[in-house]
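One structure coming up, written as structure tokens, with questions to follow.
For reference, chains read A, B and C in written order, and residue numbers begin at 1 within each chain.
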């Protein structure tokens, strides 16, 4: 069917599901000279995600998911976990999966309104190896998750193997208080997530993320190679969404605080990011955190045209100003190479041909503060990108 | 069934197919001292291709294919594409797939008559990221494809990510004018393909292929490391096949023209290759571009023995003589290391046990002009290889 | 069902099976200062094995298996083979699979009693590319296998591509003389395996394994980088198991003999290893080489609790003392870095919740002789590890 294929046992309690996600993108940059030949950032066709998933249940107790990533430039490991489902309120998951922190980071890739996630996702940890207890309470109006993980840096999946003996704890609660009461607030969700842990190690290792990327996936900030993680690393992430009929809004805020060291320069820095995004389905289908399902799928000959959606958002990521101060040593980042703030504005038009096929077009403009030499104008050049995507998901 | 396994929705318009290709080879070399310990090219068992494929259709509009490669020395990405099927005459494909150029390169791997493709495949681009319009016209007697791709070098799949802002256009038309008229010419096909694009970059990058390989997969030509792609790169590839009853013939010709630069030495070179191959099915089954299907599959006890086929071919690849001339700078390739011509003769015996299982034995002799020092006799030693394969495909 | 999912053709002779193995481990070390920050070996969560398998039969003649490995730090290639099944007594397998040598190495990963295999597995070759004849004779009381392989080093899967022209021959016979006679000796098995071949090449190459690892996967022995394989490499491996009702015992012995060379120091060394392991199923289920299947699976609410098993074992690996002697040159290994003997003691507790889900807890202590400087006490520090595993297999 339109939500994947499955093989079931006669009694139905053993089930193997095959799902897939395929995203082929084209990126075009304009008005910069930040790239190589012939001068601007690198236009290209790319396979953004090719993720065949095998998931299933082995009786009522056991669930699992295996999702390798074949897109990008080399195969990679995404969600590989098993789960013991003792109760809807108490499931134990082990393996590799997303830490329960960032709201848009936890939204599934095929359901994203924009082609790329906004800047706050750069500040939260993503997939990591660990063990997690999670469930739903109070007639499913409250979700919770708490886990212990190897501990990774901000932005992206944690590398393996883990190279220190430190672990992180992450927890998240998310309430949809009116979930069971039809009305304007039925699809309102509010939550908060936090992590705490210690990390030690040099830049470019699992302990400290060397770079943050713009929405169009170009690095605009990197620590100096001599900067080290040097102690406590915490995150705090309040978050909310509200969907009503054919429109919705999603907002989140993230603080990532980490103790760093470069020579004699030791201090704690707090990086911050936020986003506000709104979407509107022109053809009237329900907007939701799980994506849009067209009422009348596109058919050759014109009986149906699918669903159309428009969206707009803004997000920003601000590096702590202490990042660039050389107190008794060397600064953690070079202000002529690493920007101290990125501010993004994006608009999107989505065409859902069928439940499985989507064509998306985004325009993304990002303004930077800092990140260039005085000769270059002190600010990194604005980035303007047109990104197109064909997405198939089943 | 013998053509793969599938899961279908009740209405049949959603289908997930599982197919697989498995090729285990043994290669033995004889009469050379080109290799390491103990002196000749490296005999070995190898997994040439291990390619499980997931393909399917999501309603009438959407098709897709995902084929990773697990053979070779590391997992790799082969055909990863999605397709919108507006009409048999107009399909839009996006993702990673073969550029529509070389005839034998476009023949599917399990259907090849010989274990390895002939020398012209070294001169054509293969898989690349892009978008393509393709279809069949005039009662399926004319196939066409035209696409825009990141742009890769000759011989083999394009590396990712693409590192320049240049793209290639590739187009191919192939006619089978008598396809719907039973008779001696029914399976005659004639076509031509061409590409054009610009490439800049050093040897060993995506812009310029550093080496061409013999049929037995040993490199006989490489550019100097200082040679750069320096502008336009085009291909022209006329091609044809003719199958009638239990015999067939396949022929193709390729010109690959590319602007190169090494220091002050700038010029355009044209490399050329051709092949002519003929096959004959001893047991009388139809020969075809899609392989041979045995009438009476091999059974323990002797009711059936499968199908037997023999084949012979010759191919050659000639490097432009300008490749070796140092006009005002350094030559593009070192004539004492890189051969200027390879000429291949091959014979094959194939045993199709069942539709799914094939055992193949090839003898391949390749003669080289150039590619050695005067002391070594100026010509690279002949390569003589016996290659055996067990192939399972479903 | 509990043994995987399958798609069959109507007649049943074409079958595609999907199976999976998922092992998420946690490792904790104690009482050493062999590791990095903060001083002891590296605690971590890890995905030990993520192995989705596609296997099947294409008619009665053809079988195949494809098992990639997604656990660990990068995707890898495990069992990729095809097979022609002429007769239960005569099957020809080609591709990549385990050499028929070590007993515990040949036990399937999900059926292991302990989380990690014991030390003898370090001395036997594992997966390699090759061709093998195997089958069962005398009413299945005798299994045999003989194969020709590229030839790899001890301990772990052979790297590809093979870099010498030498091949190895491996053979194994294993008898279960009373297999068809119910009684106390029905599940007694006794066998022997041997290999012979030549290997030339430097340490860290396919020819010579650079390191042997403790049960908790830390390297305790490595050859010097200048040590070369220099000729014949043989293995001899007597082996046996005996299972009766709810208990069992497994024992094996391995001699790995290899000619080495470091400068003028040329000699043959013989490394030896053994293990004895015993297991006891507290809940009364049958113990077997293929694992334990709980009679009353765990159910929420308490109707069943699954099966419980305890086990103990000891194993040791002794390096030839000639390894550390510098006869006319340099010794093959540095005695202050490479231990000359490892002795392991392990205990295990296993909880089989269902046929598919298992939770295991092991304590492993390993004592080393040598492998440290006089200042460090000449012996490498003892290794004490607690290893926990959640395993899902279908």
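Simple rule for what comes next: a residue touches a chain if its C-beta (ideal position, glycine included) is under 8 Å from a C-beta of that chain, and two chains touch if they have at least 3 such contacts.
What you see is a predicted model; the values in this text were computed from it and never measured.
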Testing understanding: with touching defined as stated, what is the shape of the graph linking the protein chains, line, ring, star, complete or other?
complete
Shared numbers divided by all numbers used: is that above or below half for subunit A and subunit C, i.e. same or different?
different
Taking the mean of the C-alpha atoms as each chain's centre, how many Å separate subunit A from subunit C?
39
What are the residues of subunit C that contact at least two other chains?
7, 75
Once bound in the complex, which stretches of subunit C touch subunit A?
1-2, 5-7, 18, 20, 22, 24, 26, 35-38, 40, 42-47, 50, 52, 70-73, 75, 297-300, 353-354, 356-357, 390, 392, 394
Which of the residues in subunit C end up touching subunit B in this complex?
7, 9, 14, 16, 54, 56, 58-62, 64, 66, 68, 75, 77, 80-82, 84, 86-87, 94-96, 129-131, 148-150, 160-167, 200-201
